[in-house]
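Sharing a structure here in structure tokens format.
Should a chain be cited, it is by its letter among A, B, C, D and E, assigned in written order, with residues numbered from 1 in that chain.
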Amino acid sequence: MKYVDTALVQKKMNGRLLLNTFAKTVFLLSTLFGLVVLAVLIYRVVSDGIGWINLDFLTGKLSTNADRAGIMGAILGTLWLMAVVAPVTMFLGVGTAIYLECYAKKGRIHSIIQTNISNLAGVPSIVFGILGLTIFVRAMDFGNVILAGGLTMSLLVLPIVVVASQEAIRAVPAHLSEASFGMGATKWQTIKNIILPAALPGILTGAILSLSRAIGETAPLVVIGIPALLIPFPGGIMDRFTILPMQIYYWTLDSSLVAEYANLAAATIVVLLVVLFLLNSIAIVIRNKFQQRY
Amino acid sequence: MEANSALKKGNAVNVREMIEEKKSKRSITNVLEKIMPRVLLMIATISVLTTVGIIFTLLSETVEFFSRIPFVDFFTGTVLRPLSQNPEFGVLPLLTGTIISSVIAMFVAVPIGLMTAIYLSEYASDKVRRLLKPMLEILAGIPTIVYGFFAFTFVTPILREFIPGLQATNILSPGIVMGIMIIPMVASLSEDAMSSVPNSMREGALALGSTKLEVTRKVIMPAAMSGIIASFVLGISRAIGETMIVTIASGSSKNFTFDITQSMQTMTAYIVEVSSGDAPSGSTIYYSLYAVAMTLFVFTFLMNLLARYISRKFREEY
Amino acid sequence: MALSQKANVAYSPKGGPVETAVLDKKVVYDTKDLNLWYGKDHALKNINLAIYEKEVTAIIGPSGCGKSTYIKTLNRMVQLVPTVRISGEISYRGKSILDKSYQVEELRTRVGMVFQKPNPFPKSIYDNVAYGPRIHGIKNKKILDQIVEKSLRGAAIWDEVKERLHENAYGLSGGQQQRLCIARCLAIEPDVILMDEPTSALDPKSTLKVEELIQELKKDYSIIIVTHNMQQAARISDKTAFFLNGEVVEYDQTDVIFSNPSDKRTEDYITGRFG
Amino acid sequence: MALSQKANVAYSPKGGPVETAVLDKKVVYDTKDLNLWYGKDHALKNINLAIYEKEVTAIIGPSGCGKSTYIKTLNRMVQLVPTVRISGEISYRGKSILDKSYQVEELRTRVGMVFQKPNPFPKSIYDNVAYGPRIHGIKNKKILDQIVEKSLRGAAIWDEVKERLHENAYGLSGGQQQRLCIARCLAIEPDVILMDEPTSALDPKSTLKVEELIQELKKDYSIIIVTHNMQQAARISDKTAFFLNGEVVEYDQTDVIFSNPSDKRTEDYITGRFG
Amino acid sequence: ACGSGNEETTTESNEQTASEQTEGNETTEEATADLEGSVVVDGSGTVYPLMSVVAEEYMYTEQENVSVEVSRAGTSAGFGRFLVEDGTDFNNASRQIKDEELAEADAAGFEVMEMKVALDGLTFVINKENDWATELTKEELISIFHHDGGVEKWSDIRPEFPDEEIHAMGPNENHGTYEFFYEAILEKEDLVDGVNLQQEYSTLVNLVSEDVNGIAFFGFGYYVNNQDKLQAVNVDFGDGPIEPSLDTIGEEAEYAPFTRPVFTYLNVDKAKANPQVLDFALFTANNVNEFAGQTGFAPLPDEEVQAYVEVLEGLK
């Protein structure tokens, strides 16, 4: 007895194939949707902003006067912020990763820390802002200075560095550390001389990605409080500061006060995107170039 | 080879002796060996302390808030007038704002993200995938402030062409843009889930004469469902916590409404508003900041737990 | 060994015309001058083979000789590998399947395949078997029930699973899973069944069951089976092809191959001198 | 086979006293009633073995029989696996190394190890060899230079690499890498060298080189070598232990094991009847 | 030169005023740059455009080593930061300080000096396409925002107006503008239900510019800079409709009922302790009139400003 009617199957086949082709097209279009938005976004920002980008804009001081306003203060603020975030996250992130991967027994402490890190990664950035405001700005009384902002951002991006470093450390083949132990090296010697150097490209990649996240974050700093007008350049970690995204934020808000501010905001976005693009390219280069094949 | 052993005998360097000799000096190594685990444990504890710090700061001020505003009033109140002469603190306007914007975002991110994932995992050739995936990841790396600007100056005006009643600040436009921002996250996590369905499953289905669409719908997606759903939940969590897009593009009206053409405020935007106002500590509005932040924290925390639970509990055994 | 029928030698090393089999057996697959490359890797070299209806054809050979590649060419699954290039011709029931115009989906509904590792879908036993009929548009619950039962019976696993049709297929043992995969394949009533080392992941008892099943199935289906296990080939197949380095060294009646091979390399392989 | 010396049988299945070797050979390692578990998995069962100075001791047996586990116990590397539990005793030069009080780092500076897959560090050739001396506190550049040269000569690779000492070790061929690993091990002038299938990842030519090297090294070092390859054991070792399922089935002079084994299982293994 | 589309009309005339005033002021052009340190200014968003320009000018031309940072949390919120120990140096305000607030300063142990910096006209703005509500009486305006005004639709005001719902908007309670409106104009009666109160003036500008039925109030400066997007309601205070302009929003002028002074408050103790704070206060007093016009404020009478200069000189 035949249940499967070959003629019927044949008849339905064309419809099924058509549906498949149709779906494939729809899926491709969906994929392209995101890219089209990206292109539009970049085009918009660049066309609004590119005319305003020149050396004076990049190196000038902030001003209420759109024609002479510059973003050097925000650039320096961003750099200073990185100067806090980079070492702090590297220290905390890599330290935590080493502990988790090399020292912690797979037990309670390990799982507490590990779970905690993945939870921390999901905490909204603005909540970190409140933490920073309460702890660094107020309780420790730093005020709304670079150090307070930097420490807040460090905690915010810490999970990124930890997870990336863990992966990098885990990717160092066991036979390398075994060889080191086999020579009578202690654990710390092995970590320091073998594991960390081998994991470094991965760690750096993670660190750069975390920096690029920190550079783009605005919400925590809004909470911490950044002055709308701050002209002098920051000169140290205890100075007040502004950063590129905050400048974009204020200029966007004030575009109703002075229409050109919208262009300044766009120009600043272009600068910010270029910085991010460079950082990510560096990360990719490091990943591709220095990744050792064992 | 004989030369080698000769070299060994005649050699001035006696490594063994030197090692023995240096052993006395190796106290630093030994000390390091002892203290490093502790130092590293301390470093690792900082991430835990961060969480504890978050919970502690939020909780202590929240407790004070609830001593002034009854718990029930806060969670059932539909009026939020924190700065008014006779303030009212109902969180429902913020909750609806948050939920509505997240739902809109997911309406964008779920279908597009999922279809993107399907395309990348099931249809695209290796070459195309390697090209498209990093480009999509750029989308995830764009600062949210840029999206806020985009929503406010580009998406809203376009939408207003089609939706006449749409206000200049509204929840729809930031919702859509948040959705766009979340697409790469949903796409990438779902794609991971689908790519980890073993090839034997695909081959089995193809060998029965299925089209790729059928393989995807009937075999791959059911098998990867837990990962896919987890990606949605994480996407929602991300949308709930997103701040700058809504702050810029949805204004700060505290309407309790379900009309997406209106300006609404989310929990995150409320926190921005109150803290840009820099409420004097001690005032109820100051404490309300923490109560709202606590609510937000609990919300996203539960979402993250849920996502983890789903992807762990319902992981398919192949 | 249960070889009873006799047929002419179907092997034609020079690609010349293949002699028709006696006993009214028709050629299902005819392969002519087939060459296949994975990128630069020449995996199949000048294959010429004719495969007959309602027989079990075994393909043996050492690892990497191209056995899997060959049978995956028969339902064009091999083309899922993007780097694959093919020349030559395979005709199935007289139609050239390597033609772009030949719909693979249709080919695959007529040619079932069973894989080395059992690969049931992560669904219920019932849904596994009903998968094929469903995608081909059969929705009627009653008919599906009948198909599922018939296929599971056909795969000699009905009695073991009839009480738990709606449980997940992963609850079955490896041998049961493999028979389920065979049932899944039977459900679309194929003409040919390709099997790539279907028992290599199974314990001896399950292997025996599947071998018995194959003997049963050949009444209705043409079966091509790849195996590492020469005893198995000898036990269950009617014809055997010996592959080496992508070439067909010898193709003949199974008893001929195992008792009186004409090629020295075949003999070496069968007597365990390499592979 | 280059076996010239004769020694008494050192194998003592019942764990009784091991007879001392003639020819003034001292026992380097003495293993008594060693048992080892990976979690619940009983990987070594009642091992009793005495290993002698300046000899090559080969350990053979089928895959999974515990060879690697055993030699990794000798420098306590096996304890890097967290689930490992050990009972019994191993003494090295008279001291019990399984004691917590015995410093593993010290043990490992005296007992070098060479692994199955060449595993140079991703550093320069020089730094690879200098690694051991450096971690043990030798910083003096001149002394390091001497050590590096001497060790590379000792591992018979000096001439091939002397021009490129500061290039990355991954530029070397597999066989060179393995000899580099041996050089790295020699740099701290160990007493014993443990080798876990040191040639299994190498081509025949490199294998030959390493085998010659081992013959050379045994003048100065005691060598314990795990190998899958029975010909290799027969070629290079003085004594051979045959492991099966975590037990020592037989331990004797290599020529005895290969020509006149006392256990049926040993004979089956050596003649290739299993494994 | 920081206006948008309206440069030709306002800015040029302001520049003239500015240069005239500069002649009378010897201090302005000499950048002595002998002071350093920081001056922290917070408070009113209304006053922000004026004070930020003053601060910028001070840093460019007067003391380049002094950092004057200007924030704009809003008048009341700014007082929150000002009236504490070690708070901000200045607080801008678009309303007068309250007695309770003064009491807080006492409690914190410092003296506060009030300086008027300019005059601002509370401006009601409507959409460009709104052609019916361009002239309203003061009472009609109040009825739109008053909770008891009985007005929901335009047609409730005058029957010939469209039968459409009015969308009333304004700055939120963080702002002095709100409080001025609430206290001085609504006489502490609640605002209409459903009024849309925003933190950012830019949001209000956008909302009204895109909403035919919208009406919002804020400082004149935010209107001046957005004349291309908005139109102002001419208010009839009884003697015919008055258009708010720099000329009409003077203290004695026709728009006076909706005119209010805007202030900055100085922490006197800090001024005494920190020369740069005092110096900036002096600079502000001396120069604020010069910048009032271009930022949308009417300047104060010269005598009034001069009085501050004398008081400040006395603190040295």
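Definition applied: a contact is a pair of C-beta atoms (placed from the backbone, for glycine too) under 8 Å apart; a residue touches a chain by one contact, two chains touch by 3 or more.
Quantities reported herein were computed from a predicted structural model and do not represent experimental measurements.
Asks: Which chain's mean C-alpha position is the greatest distance from chain A's?
Replies: C
Asks: Counting only Cα atoms for the centres, state how far chain A is from chain D in Å.
Replies: Comparing mean C-alpha positions, chain D is 48 Å from chain A.
Asks: I'd like the Å distance between the centres of chain A and chain C, where a centre is the mean of that chain's Cα atoms.
Replies: Spacing between the chain centres: roughly 52 Å.
Asks: Which residues belonging to chain C are in contact with no fewer than two other chains?
Replies: Expected reply: 105-106, 109, 135-136, 188.
Asks: Name the residues of chain E that each touch 2 or more other chains.
Replies: Residues 200, 206 of chain E each touch two or more of the other chains.
Asks: Which positions in chain B are in touch with at least two other chains?
Replies: Residues 29, 211, 214, 276, 278 of chain B each touch two or more of the other chains.
Asks: Let me make sure I understand the interfaces: which chain pairs count as touching?
Replies: A-B, A-C, A-D, A-E, B-C, B-D, B-E
Asks: What residues of chain A sit close enough to touch chain C in their complex?
Replies: 1-4, 8-10, 12-13, 16-17
Asks: Could you list, by residue number, the parts of chain A that touch chain E in their complex?
Replies: Touch list, chain A to chain E: 63-67, 225, 227-232, 240, 252-260.
Asks: Provide the residue numbers of chain B that touch chain C in the complex, in ascending order.
Replies: It is residues 125-126, 198, 200-201, 203-211, 214, 218-219, 222-223, 316-318 of chain B that touch chain C.
Asks: Chain B touches which residues of chain A in the complex?
Replies: 16-17, 19-20, 23-24, 26-28, 30-31, 33-35, 37-38, 40-41, 44-45, 91-92, 95-96, 98-100, 103-104, 109, 112-113, 116-120, 122-131, 133-135, 138, 155, 158-159, 162, 186-189, 191, 212-213, 215-219, 222-223, 225, 245, 248-249, 252-253, 262, 265-266, 269, 272-273, 276, 280
Asks: For chain B, which residues are in contact with chain E within the complex?
Replies: That would be residues 82-85, 160, 167-169, 251-253, 255, 263, 273, 276-280, 283 of chain B.
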